[in-house]
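Heads up, the next two complexes both have subunit A, just with different partners, subunit B and then subunit C.
== the complex of A and B ==
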């Protein structure tokens, strides 16, 4: 028995220790302490236990709970738009066009600019009186739109900017996916008389599923955690109209409400996990089903 | 080699020989020669003017200064609290007045200066913000400033408008300006903190209706939603929604400085710290800018909400208290106050009774604001009277200013926000 056991054990347990230590120190320990501090009123010196009051406040106070709704709108809308628009762009960029190289670079360009710079640039472009967008609208005879100042519109203006900036990565992933599809499928289909639309629907779309899944997961998690673009463009305003979870948490932290801010982080962690894990599971299933 | 060694020796002998003689000659004139006062001060306060007066004090009184700069914000607050707790306070502390001072429990740590000669000169509204149990601990660092309506005089002259004594008159003036095709009111919503000034600057009118409001508010019994004056403050935003500049959601504080100094808008409800800045950038604006207090409902009782300056405090355990007091005395000599204002300008009237601002200060401050001080119609802003301030005040006031929420909703949201602050500060509301 003993000797058999030893044979099965290829590696010593001690090999795991380094990564286990790192995992515990930088991941497990912070999660457990943050769970504790999220249930306290905490000023770094002393922490008074207050049960679930911080969580209750996060869900009951309008300025905090509205941020959860904004985060969900932001994440699903940016993710959805990126998945759809990037797909058509990628297919277009894989077709036989002459300026393919240039357009590919042009599409990727926004990704090279820092998010803060993009945010500031767009907030100037969207300025209600001096912005280029509104000057153009007025020149065409339309009345100016207060992109970032209108409470009902501000969030969508930021979403549009995010899509503009984030599209490039999705396009690159899609292009890789489209190019890896075996050309013989298309040849066979065209011999069978399938038109371009049918080829797109029945060959390209199912076979880019692995790339598509990566894009969905990446952009959705990115959207749920978003902070920098919102901060650069609106700072969460006007009023509370574009406050997302990350910006609200940052603000609570800046006010010195450390316990409340930690509770917000725990909520965000749970929210992202609850959306990302089942979604990944579902997408994997779908991918397997296709293949 | 030998020659140079000799030269060094000679030079050394000369300096050693001369130095004590030079010191001895001046010693008698400088009472605090050899005293080094340690000082803790914010970087904004340790400015050109402060440094000039300090250098002058060294020259005339002899004391040297060892300055430590506060990082400011909550970090600075934490350091000063630690210094208090460990008995490691510097001789002189330059720190906020009002509720931040109260949080330090001044009677335990700072010298009681109530009976000093200079203290009698301090304005009572100021001393109320640096007192604990009727003893005074702080001396004003610089001039006050107001949260008030800054206005463009030529527009008032053009339309023959009167300075409003009540809020309704103010709204009527704005309407008249709007009808005449002008921009009645400026809002710099791109810097959200600026939208708070109407609410914060209305404190005189809140206290006029309920003088105990601040104490009741701190105790958690008075609420903006239910207090008559408090609710009125928030409702004032409703009357102004249509009066703002076209880019009110995006305009920044600096845009406002430019717009007001060139007469592009008629009113801006702002801190009067903008006046010296506008005049520095556009000297011709000095004659065209005026200031009046945020109007209330009683034409007989119009008063200004005042932001008190930071203060000088002396450590209770300081061995150099005498030198520190002498420095403060020196600070309040008329000549030195004038010199400071010469460097830094004045944001409002002085907290020193009987001190007249020099002619270089624009009329908006020297005449318009001084009037309220002379009549005794001033009240400190609420933040000097209570430690509770809603953290999202600037966001709520921006929403109210842009008409996204009405005054009653804003008041209710602000009460909730204050409750959150109070709970997080451990004040035990409910």
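== the complex of A and C ==
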């Protein structure tokens, strides 16, 4: 009891106050008020309560509700691709090759470049007639593809760009995981005659599970929140084929439907919470089960 | 053994070729097109420019009354004050959250860590900034950036604090230091390594941020470099050379950071993600 008292004096609560105040005022307070504003017709000056109309509107308008589906496709596909591709890339970069320093740097750098710059550059690389990708396809004898103009394809083109840019974080997390594995496991396995593939499957894969869990959570949340890349590459189009929740929120704000925009924001918040918290719980359980 | 050596050679060569094609080519594409004439850049090829046009860079700087200069100034001010604010507030908070393991701190930590997952609500934040009369001001923008990056930064400081022994503080306390003296004289100097990581990661995040300035800092005189890029996309739709010059100008600061702090950046990202 005495020691606790001394702790409280030495580690004064005042140290936490600046962070807590800024975080509460500029992050938590708007979240709480958003619950009310999402049920109003609102223009910042006056808010008229309208019940659940905004939510009903959001789910009944196809152009709005389809953004939920796009967001889910985007988040799960980018996350899944990063988890798989980054794993093999990390294993490759932990092997005895000599150029790994160069490859690692090249893979990592896009992560530091602004999403806007990457998005614009790729939208020109994907240009339907003169883009470099299409010239390459034509040189190989394929017909050109309208990467960003095709309703069924545009979302996947943006997803591919997202994987290109965001792969690096997953790779470095995996590399840290792979490097922390005790080398004696591999030695024992080779003595028992396990080949490289078996070692990868039975030693590396289970032992990088903690890294893998971080990657899944990080990339999934990042994907669910995505905005800049979509906005840079397609602006939500063609039509609303690539509209995700965050871009719908922006569009409704630009059109002046503030209540509707806020309702979209609340739906996005609930969606992320409903996916992220149970998933983290599940992944932690799985991690404990392995160990 | 010989066969294995050959395999590594093949892996090296294939790895480098794929890396050049997939990861370097887009940057090469930006660079060559930023140096082409207007007509040549319009073709969007990866050919080397027929003639090097370095004056593109001068032109993009002077465009629209030196808007890009204003944008760089705004971005640097925003980044500087955001990083400074985060360094002070989050180092203090991370310190006490790690040291005190009581119910109050566990609640504080839980609340702040919500921010790692939950997205911000944008329009109510704009409304709040208006009520406080700090909407469209640098101060308001800095406050929002700090609030959004507080959870991640506290996590980094808290994780590092665990490696500093408590005995130091106890000794200083017995020698008569106040709690604030203990922190600023004893603990703060020891935080140098993690502070470097925090500076780099938060600076990159803030400098590259597009979404938040788009919402919270509109107006031509408030523009940031990322917003200029978005605006020029429409205005330069027939002069890609200038657009790519802008892209390169925005990318170069990151390249310099990367060359000097490669290891710090990578370590910081691993630390930040695994401990979460």
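The working rule: the second predicted complex is superposed on the first by the 264 of 291 C-alpha atoms of A that agree within 3 Å, B and C clash if a C-alpha of one lies under 4 Å from a C-alpha of the other, contacts with A are read in each partner's own complex, and residues count from 1 in each chain.
By definition in this document, contacts are C-beta pairs under 8 Å (C-beta built on N, C-alpha and C of every residue); 3 or more make two chains touch, one makes a residue touch a chain.
No experiment lies behind these values; they were computed from the predicted model shown.
S.K.: Is this a clash or a fit when subunit B and subunit C both end up on subunit A?
M.R.: fit
S.K.: Is A:211 touching anything from subunit B or subunit C once the two structures are fitted on A? First, second, both or neither.
M.R.: second
S.K.: Quick one: classify A:130 as touching subunit B (first), subunit C (second), both or neither.
M.R.: both
S.K.: Pick one for A:49: touches subunit B only (first), subunit C only (second), both, or neither.
M.R.: neither
S.K.: Considering only touches as defined above, state whether A:33 meets subunit B (first), subunit C (second), both or neither.
M.R.: Only subunit C; A:33 stays clear of subunit B.
S.K.: So, does A:142 touch the first partner subunit B, the second partner subunit C, both, or neither?
M.R.: neither
S.K.: Subunit A residues in contact: does subunit B have more, or subunit C?
M.R.: In the superposed model, C touches more residues of subunit A.
S.K.: Classify the contacts of A:114 with the two partner chains as first (subunit B alone), second (subunit C alone), both, or neither.
M.R.: The answer is second: A:114 touches subunit C but not subunit B.
S.K.: Is A:59 contacted by the first partner subunit B, the second partner subunit C, both or neither?
M.R.: In the superposed model, A:59 contacts neither subunit B nor subunit C.
S.K.: After superposition on the shared chain, which partner residues are touched by A:25: those of subunit B (first), subunit C (second), both, or neither?
M.R.: second
S.K.: For A:240, decide between first (touching subunit B), second (touching subunit C), both and neither.
M.R.: A:240 sits against subunit B, while subunit C stays out of touch.
S.K.: Rounded to the nearest Å, state the minimum C-alpha distance from subunit B to subunit C in the superposed three-chain model.
M.R.: So the smallest C-alpha to C-alpha spacing between these two chains is 6 Å.
S.K.: Please report the subunit A residues shared by its interface with subunit B and its interface with subunit C.
M.R.: Residues common to the subunit A contacts of subunit C and of subunit B are 44, 127, 130, listed in rising order.
S.K.: For subunit A, which residues are in contact with subunit B within the complex?
M.R.: Within the complex, subunit A contacts subunit B at residues 41, 43-44, 48, 53, 57, 61-63, 123, 127-130, 146, 148-151, 235-241, 243, 251-252, 255-257, 259-260.
S.K.: If you look only at subunit B, which of its residues touch subunit A in the complex?
M.R.: Answer in residue numbers: 74, 78, 189, 192, 246-250, 391-392, 395-396, 398-399, 402, 404-405, 413, 416-417, 420-421, 423-424, 426.
S.K.: Where on subunit C does subunit A make contact in their complex?
M.R.: Spelled out, the residues of subunit C in touch with subunit A are 8, 11-12, 15-16, 19-20, 22-27, 29-30, 43-46, 85, 88-90, 92-93, 95-97, 99-100, 102, 104-105, 108, 111-112, 115-128, 130, 143-144, 146-148, 150-151, 154, 169, 173, 179-180, 182-183, 204, 207-208, 210-211, 214-215, 226, 229-230, 233, 240, 243-244, 247, 250-251, 254-255, 257-258, 262, 265-266, 269-270, 273-274, 276.
S.K.: Could you please specify the touching residues of subunit A with respect to subunit C in the complex?
M.R.: Interface residues on subunit A, with respect to subunit C: 4, 7-13, 15-16, 18-20, 22-23, 25-31, 33-34, 37, 42, 44, 92, 95-100, 102-103, 105-110, 112-118, 120-122, 124-125, 127, 130-132, 135, 164, 169, 172-173, 176, 210-211, 214-215, 217-218, 221, 224-225, 227-228, 231-232, 246, 249-250, 253, 258, 261-262, 265-266, 268-269, 272-273, 276-277.
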